[in-house]
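So the structure is just underneath, and the comments pick up after that.
The letters A, B, C and D name the chains in turn, as written, and every chain counts its residues from 1.
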Amino acid sequence: MSWLEQSIMHTRGVARGQVGATHQLPESRQGKFHYTIGPYSDPVLEIQPGDRVVIETRDAFEGKVRTEQDLPSKVLTVPFLNPQNGPIMIAGAEKGDVVAVYIESIKPRGDNPRGTCCLIPRFGALTGTDYTATLNDPLPEITRKIDLDEEGVYWSQRVTLPYRPHIGTLSLSPEIDSINSLTPDTHGGNMDVPDMGPGSITYLPVRSPGGRLFIGDAHACQGDGEVCGTAVEFASTTTIHVELIKNWAIAWPRLENDALLMTIGSARPLEDATRIAYTELVRWMSEEYGFDRWDAYMMLSQCGQVRLGNFVDPKYTVGSAIRKKYLAAKAA
Amino acid sequence: MSWLEQSIMHTRGVARGQVGATHQLPESRQGKFHYTIGPYSDPVLEIQPGDRVVIETRDAFEGKVRTEQDLPSKVLTVPFLNPQNGPIMIAGAEKGDVVAVYIESIKPRGDNPRGTCCLIPRFGALTGTDYTATLNDPLPEITRKIDLDEEGVYWSQRVTLPYRPHIGTLSLSPEIDSINSLTPDTHGGNMDVPDMGPGSITYLPVRSPGGRLFIGDAHACQGDGEVCGTAVEFASTTTIHVELIKNWAIAWPRLENDALLMTIGSARPLEDATRIAYTELVRWMSEEYGFDRWDAYMMLSQCGQVRLGNFVDPKYTVGSAIRKKYLAAKAA
Amino acid sequence: MSWLEQSIMHTRGVARGQVGATHQLPESRQGKFHYTIGPYSDPVLEIQPGDRVVIETRDAFEGKVRTEQDLPSKVLTVPFLNPQNGPIMIAGAEKGDVVAVYIESIKPRGDNPRGTCCLIPRFGALTGTDYTATLNDPLPEITRKIDLDEEGVYWSQRVTLPYRPHIGTLSLSPEIDSINSLTPDTHGGNMDVPDMGPGSITYLPVRSPGGRLFIGDAHACQGDGEVCGTAVEFASTTTIHVELIKNWAIAWPRLENDALLMTIGSARPLEDATRIAYTELVRWMSEEYGFDRWDAYMMLSQCGQVRLGNFVDPKYTVGSAIRKKYLAAKAA
Amino acid sequence: MSWLEQSIMHTRGVARGQVGATHQLPESRQGKFHYTIGPYSDPVLEIQPGDRVVIETRDAFEGKVRTEQDLPSKVLTVPFLNPQNGPIMIAGAEKGDVVAVYIESIKPRGDNPRGTCCLIPRFGALTGTDYTATLNDPLPEITRKIDLDEEGVYWSQRVTLPYRPHIGTLSLSPEIDSINSLTPDTHGGNMDVPDMGPGSITYLPVRSPGGRLFIGDAHACQGDGEVCGTAVEFASTTTIHVELIKNWAIAWPRLENDALLMTIGSARPLEDATRIAYTELVRWMSEEYGFDRWDAYMMLSQCGQVRLGNFVDPKYTVGSAIRKKYLAAKAA
């Protein structure tokens, strides 16, 4: 039996792992993309738990950065950044439930150079920004266009990086707020966790009827922290399998793959994102895996793993993980 | 000539300090209060620049904490907290303008004990919270009901505090986001700056047509930081005089009173809120008062003043100020 | 009876407010100044509780910045910065005691321009620094020489600031560490709290035999945060009155003046400095002034005051204060 | 040719990878262990570049926690924690040089249960602490004694963890400060980076004559962040090979192993530790590997790796790394 069959998604989901209908969400059907994630937009699709959706995502610059002469400050307009597909309504999803999103595949769309990476003034981890406000001159504005395919990301004459795609922004709607697609928080959002690629399941808390799933911001590869502020951004065809888990009260997003369980926190300062992730993991281990909470805490001090996701304004994201083999109860 | 006649509001406002019509916004007219500040709600009032509005605000608990036996966790429902009046549309306000709000008076409404102060589990500056997530047990939940009038706040048998009212939450709408009324940011929001009382002018950047003014959260008194998470919250009759300043591009809220000019930043960690406030003040001094920016920076190192506003989740607020007398050009 | 006679220093000190011998500590007697505060240096003076010491402090640049052409990066050598007088041994001081330092006066020494303010590359609150490490170019390096006397600080043609001197760095020795004189911590250090001027009493915890008092870094005036990294630094003749309070276990420095009691915390991020200061104040109110700790916490939310001291690397300092009138028990 | 032969240590070291004399530093020779790292202690050993040292380290509790009934608050005395061997003088080391420490092996000493893990009140990542000061009650105090050998760490009936030893605290002396052995900073110190195990080389900047190497705090295994505040602490026999690299001006510790180069920063808040690590890595790539600095910055956004070391008071440690294969110049 595969790990997927034993996953929380399959064992606790309404559809029990059965894959239902496949829906297409091409750009043409999406029409208007969204820059804010909330309950005030019109649904683009309604699906059943277990359904599969094939989605054409735009890149985070909405395709407006076409050449290395296209500078973000010229071709982009704040706050209309990081366009999202959706909202997709999941039938039966109610506050207190969880929507699970298994990513089957992420494939590049369009002609090369398909990839774009920009250095945007006053944006990124190693510069003064609008929040970490300093009087220094900004860094230079730079656009890189990058060839990529499913074999590799051809960064430069000197360096080829592996194609390791993931979804940067994945969300359900908050209950009453509408949050711009650059900000991660309890609803998901712009988490930029490299583990959120093909073969991963993300669990998101439902806060409004139907859940209202938004997705976008595919990255062909990304380092821990996405430090310059952007990854190798590209337009993708992303295929997801969506499930509904009833009555699972989680406070923050969670992730599962073949090897580990991860809890994800987003906050500033960075220690608070890490504290959230680790406290959620202690809670998960004690509530669902039979560990005493102090044993869980002390044990994570010996085997917990940390992944830095988004380390860029406006909020930072951290995943804390434990390998699933340590959660298995010892055979008698 | 009074400072008010020489204020930015009066000298640069569309109505040039002339007071226009007086509008009433009692609870009955407000009807539905708002818990999120954005462009998606229906206006309750439209006014002209220079108009005065008399507003019945509810307390931050919406009057549901009536006795010391009413605990927040029992009588309140997240995220329906900190109810706001509005949105009030200001005729002619467009993106790139500023709305000025002069607070004429804040008077208590209702019977004593009118004041409420609560210690809410996992909320406040000196406890683990949902963001500064720890495994500690929460602090006790406590409700205090407090008599108050315009002479004083009768905190306890032992201590009487002065009545120094201010408005905790004052906002214009963001352009596309809708932000819960507990969060301060560039749009204003839950800043909890004690200087924002009668005799102060707050300048807020317009981001959407009409500005969409929201107001609420009156405090009878408050210390720096509002550390336990709540002030002496009360229902008020607040009278404001509203102006419109065209084409004044400010990034964050600003405040003026008889003695000082203040810039206000909201962020985490607290140093970022302080950095924002001080960089905005350097910018203001150099752009509008003829200071070399390095002279301004070095001079604020000698005479800048800092006020800690909201020091509670989800974001912290800091005001940085300079006394107006230091801005006056030296007579020849 | 003056506030000083009723102060903790006078009522609990070994000498009960009696002023003993007056010692002179001119530059010539000090000889070698210190750049690190610890138990490994040779005492320069031994005094009795109640004694007065008249000290010639050097400015934070040790007088090496003589003209506006003297740039810090040329004339200074890291880590030999912020020279301190001392250590002064206080007879009878043992771990678990407190040394109280009442500042009688701070007077300028030397010829004008006596004052120096520098903008030092990668140092200050509004720039990337060695800790808040960014890739931005540094700000310009600038030296300002400033005339000053006991009437005023003549900042520029346009601006005269009041002469409001204080001591930037005041310390007892840690038990086993030796900490550079730029860093504030539980031992005191470079706190840069403007309230630490003439008329104030600072209470410092004793950690090693004799306490080992260090003092230096006089400022002619300083704004909240000392944001550009330096104040109006000057060489002073500072007169202090020193007392010993036996068996008073405080964890962090505290301050008293005619109007208020203050607790002082130093840490990063800035919220931790503020948390330390406020928790120490809650503790003080509940342990020594008969307040229930939750009453103290909730009351400080209404009347606590915050002073930002050092807001520059390597650690930030915050003072939290309560007015003494609120601590008085209500008359029957 | 092995990676070690091609390492910076071997190619740039004074001894060019030749292993010299082997010195023994058993507990008996060490005699007095050190709790503060500075220039004021007496050397225990002088070695030549290229020499090997076999060191008996004590555990971080100095062996005083013998049973699960021994609580830290009873058997330990602050600040006498985390005992360090040394200082070892490296002949010829001067300010501006680097000392390289290759860890050959870390083996357990003493009888089982050799491992100790404690939950110490107000210490750890998921609790209010002396710095992140809150009014919450502390977590319980707990001692765990753990059997371990070179095959595994027998955490509980249910869980066995791999034996993956590393050195928690490795330092050269600061120039004039003496820093307690719990604090990491530019000198090294209590970094708790799990990569610092057998097969790794750590590069530390020399600040005082002879470098003055201190070492201690072996961990049998540790998760990212050491979140409960302690790892599986144990007494070890650790064998190191020490080299001297002349005239290599690094600001912070660096690490090399077969696969990657890592830069290490220690600061609070956690974002500053991460900023330090990544800016040092950009600098390294541009100064020594021929990358344009903006190319390096943008490329790390795609392939940089982050390791969370110490996430506990008083400072946090982060390592940023790049795989060495990406640094190789492309063959023509």
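Following the convention adopted for this analysis, a residue touches a chain if its C-beta (ideal position, glycine included) is under 8 Å from a C-beta of that chain, and two chains touch if they have at least 3 such contacts.
On a predicted model such as this, the values are computed, not experimentally measured, just so you know.
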Distance-maximising chain from chain A - centres being C-alpha averages: C
Which of B-D and A-D has more C-beta contact pairs: A-D
Rounded Å distance, chain C centre to chain D centre (Cα mean): 34
Centroid distance [mean C-alpha coordinates] between chain D and chain A, Å: 33
Centre-to-centre distance between chain D and chain B (centres being mean Cα positions), rounded to whole Å: 48
Shared-contact residues (touching 2 or more other chains) in chain B: 126, 132-135, 139, 268-269, 275, 278-279, 282, 297
Sites on chain B touched by chain A in the complex: 35-36, 38, 40, 79-80, 130-135, 175-180, 251, 265, 267-269, 272, 275-276, 278-280, 282, 293, 297
Residues on chain D engaged by chain B in the complex (per definition of touch): 126-128, 132-139, 269
Touching residues (chain side chain D, partner chain A) in the complex: 117, 119, 124-126, 139-140, 142, 144, 153, 155-159, 161, 221-232, 268-271, 274-275, 278-279, 282, 294-295, 297-308, 311, 316, 320, 326, 329-330
